[in-house]
């Protein structure tokens, strides 16, 4: 019954029929997705939409990393988690939700903090990485690890009513350090726990991260290498800006890199790699 | 003749400017062309509302702020040396890290 | 324990803390959401993201209408449904998923086709309607019903790699008939079953529908009255276009309307109000 | 002098034009100004690839196609009477109904 037709089973043809119809995707694109592996770092507001749409589209393997557990203050934006999962590992919770939608994907939940000791070993097993983290130290870590491992990095971020999206280390484009050679002063960094965020803003950016991943993996190419999308939810505006190219003097992706293995990123940034939701004292 | 330009602040940078994202300003006439190098201290002294150290470090913007000249990264336009033209749109974007 | 603070319980303060922090929303905005009711028509690709983000944000009541049952070919884009829900009513399935995220919302699933006999009676009970349907006849029906009932209509659509978003009947802006006085010839209408759609495209448009609903309900106003957002996923571009205003000669929202009660929309459009997913014969 | 303009087709309208979304064209010189009224049959006769009835009905576009002049609904610009200007961008959007 599960006869292979051009590498797809009848079940797969039924499930993916509406995207198989797209000439830009088709059977070839579906097979490319099926043989691709994506790692999402962070199982929060950006991960929830990106993970579920990648799972729905039929990615081969989806890894999700998070060290944290589900809290009630996550649920206004982290829509894969549930009231019944409060206290459960976020990576496990996110994977369980995706599994119920598409059990044919190979899921790998990592309940651990990504750090210099494990990042390369994990990232090397994936074709592409989504930065869905919430702090500066992990963003530098992830950037450097993706450069060292040669993986494209689809980076999203959101705060308050704004979102940003770009793709690093793809087709000769720049990396995070090319844009931001120095980390920001810790007192200028606001996370979602401190600044707040409207839940649907990471929803939109996370969807766009999944889209760029699908386009890269199926050979359409990304629209956001050396470009950044700025989204302002209050005025409903999207703006695309043109970024600098890869910097020859970049310490990690440049012509003579000084960073050839992962460093201590909390020290480099002067900030912890955590954004633990704190109990809000209102009034 | 003064030079009319538009400044925009986003990603949280607007919080230093009374939450106002867009500012239409006229730079006063001066002998030499206005460069971004001169614009930055002018902004700090004339429209910044609080905590200048969160906007500038030394003679440039603090790390984590992207500067755009008409939707293009200032790195492609000469950075501090760029000569401002009438009706230029200069954007200061604080990078977001939340997720 | 569940002490009311300015009308919010401690549980609500914990759950919504990250959006209560936003000065543009705050306790007042949260209370506005809590006392608001939204109806989503269609429980497919646009509804799944919009329903879950509205539920997450703490809308008071969420109604979801769909006459159809979950099929496997829905699962590549209709991410609230699950493999275990194949054959189940889509409205029931969507509501069940939202319920697990936020049980404090009042959910009303309607397992029925919206038509001229029931539309007004249902729509009158809601503050705002999301058009998440998939056919022309229901789009005209919904437009006319929202005009007659005086409700804003947040309209989304998606096909292939493209999406469109606009808000009708809001703050004196135009309605669907102002833009499209005549229905399109049936042979020019392509639905997702025939033309295909990349799942994350309705994902993005549906998130944006939820966003506009939240902005309208909390008094921020919409960014898309008399404007339309065009999204092209292949080149990652968003474009906002300026639309005509309300047309004084519009047959339903004009100065002397000729349509004062609902008509037969399948006859008007020469097309059925269904987009049943057909079995795809590939090869 | 010919008039250079850009045509764009989206929402499925591009399927009638060999899937090409953007066409940079030069309208030939003529005595009277080019109006959209004349542009439509010119498009039909010169670049449309198939099924003209899915593009035009009578002397205008078929119901369900929005026409934009430089990002603005043509209804605000005079519709068929609009006089084309050099470098205008005329967009034809087929309305989507899927969800």
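Here the chain labels run A, B, C and D in written order, and each chain numbers its own residues starting at 1.
The working rule: contacts are C-beta pairs under 8 Å (C-beta built on N, C-alpha and C of every residue); 3 or more make two chains touch, one makes a residue touch a chain.
Composition by chain, UniProt nomenclature: B, D = Ubiquitin-related modifier 1 homolog.
Not measured: the values here are computed from a predicted model.
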Shared touching chains for chain A and chain B?
none
From the mean C-alpha coordinate of chain A to that of chain D, what's the distance rounded to whole Å?
40
From the C-alpha centre of chain A to that of chain C, how far is it in Å?
27
Distance from chain D to chain C - Cα centre to Cα centre, in angstrom:
30
Where does chain D touch two or more other chains at once, residue-wise?
none
Which chain C residues sit where two or more other chains touch them?
160, 192, 195, 197, 240
Which word fits how the chains touch one another: line, ring, star, complete or other?
line
Between which chains does touch occur?
A-B, A-C, C-D
Per the contact definition, I'd like the list of chain B residues that touch chain A in the complex.
10-12, 53-54, 57, 62-64, 66, 68, 71-73, 75-76, 91, 93-99
Where on chain A does chain B make contact in their complex?
42, 44-47, 132-136, 139, 156-160, 162-164, 179-185, 187-192, 195, 197, 202, 228, 230, 232, 239-244, 275
Along chain C, where are the residues that touch chain A in the complex?
5-6, 11, 13-22, 24-25, 27, 49, 52-53, 56-58, 72-73, 75-77, 79, 81-84, 100-103, 160-161, 192-201, 203-204, 207-208, 210-212, 214-215, 220, 222-224, 229, 233-238, 240, 277, 279-280, 282-283
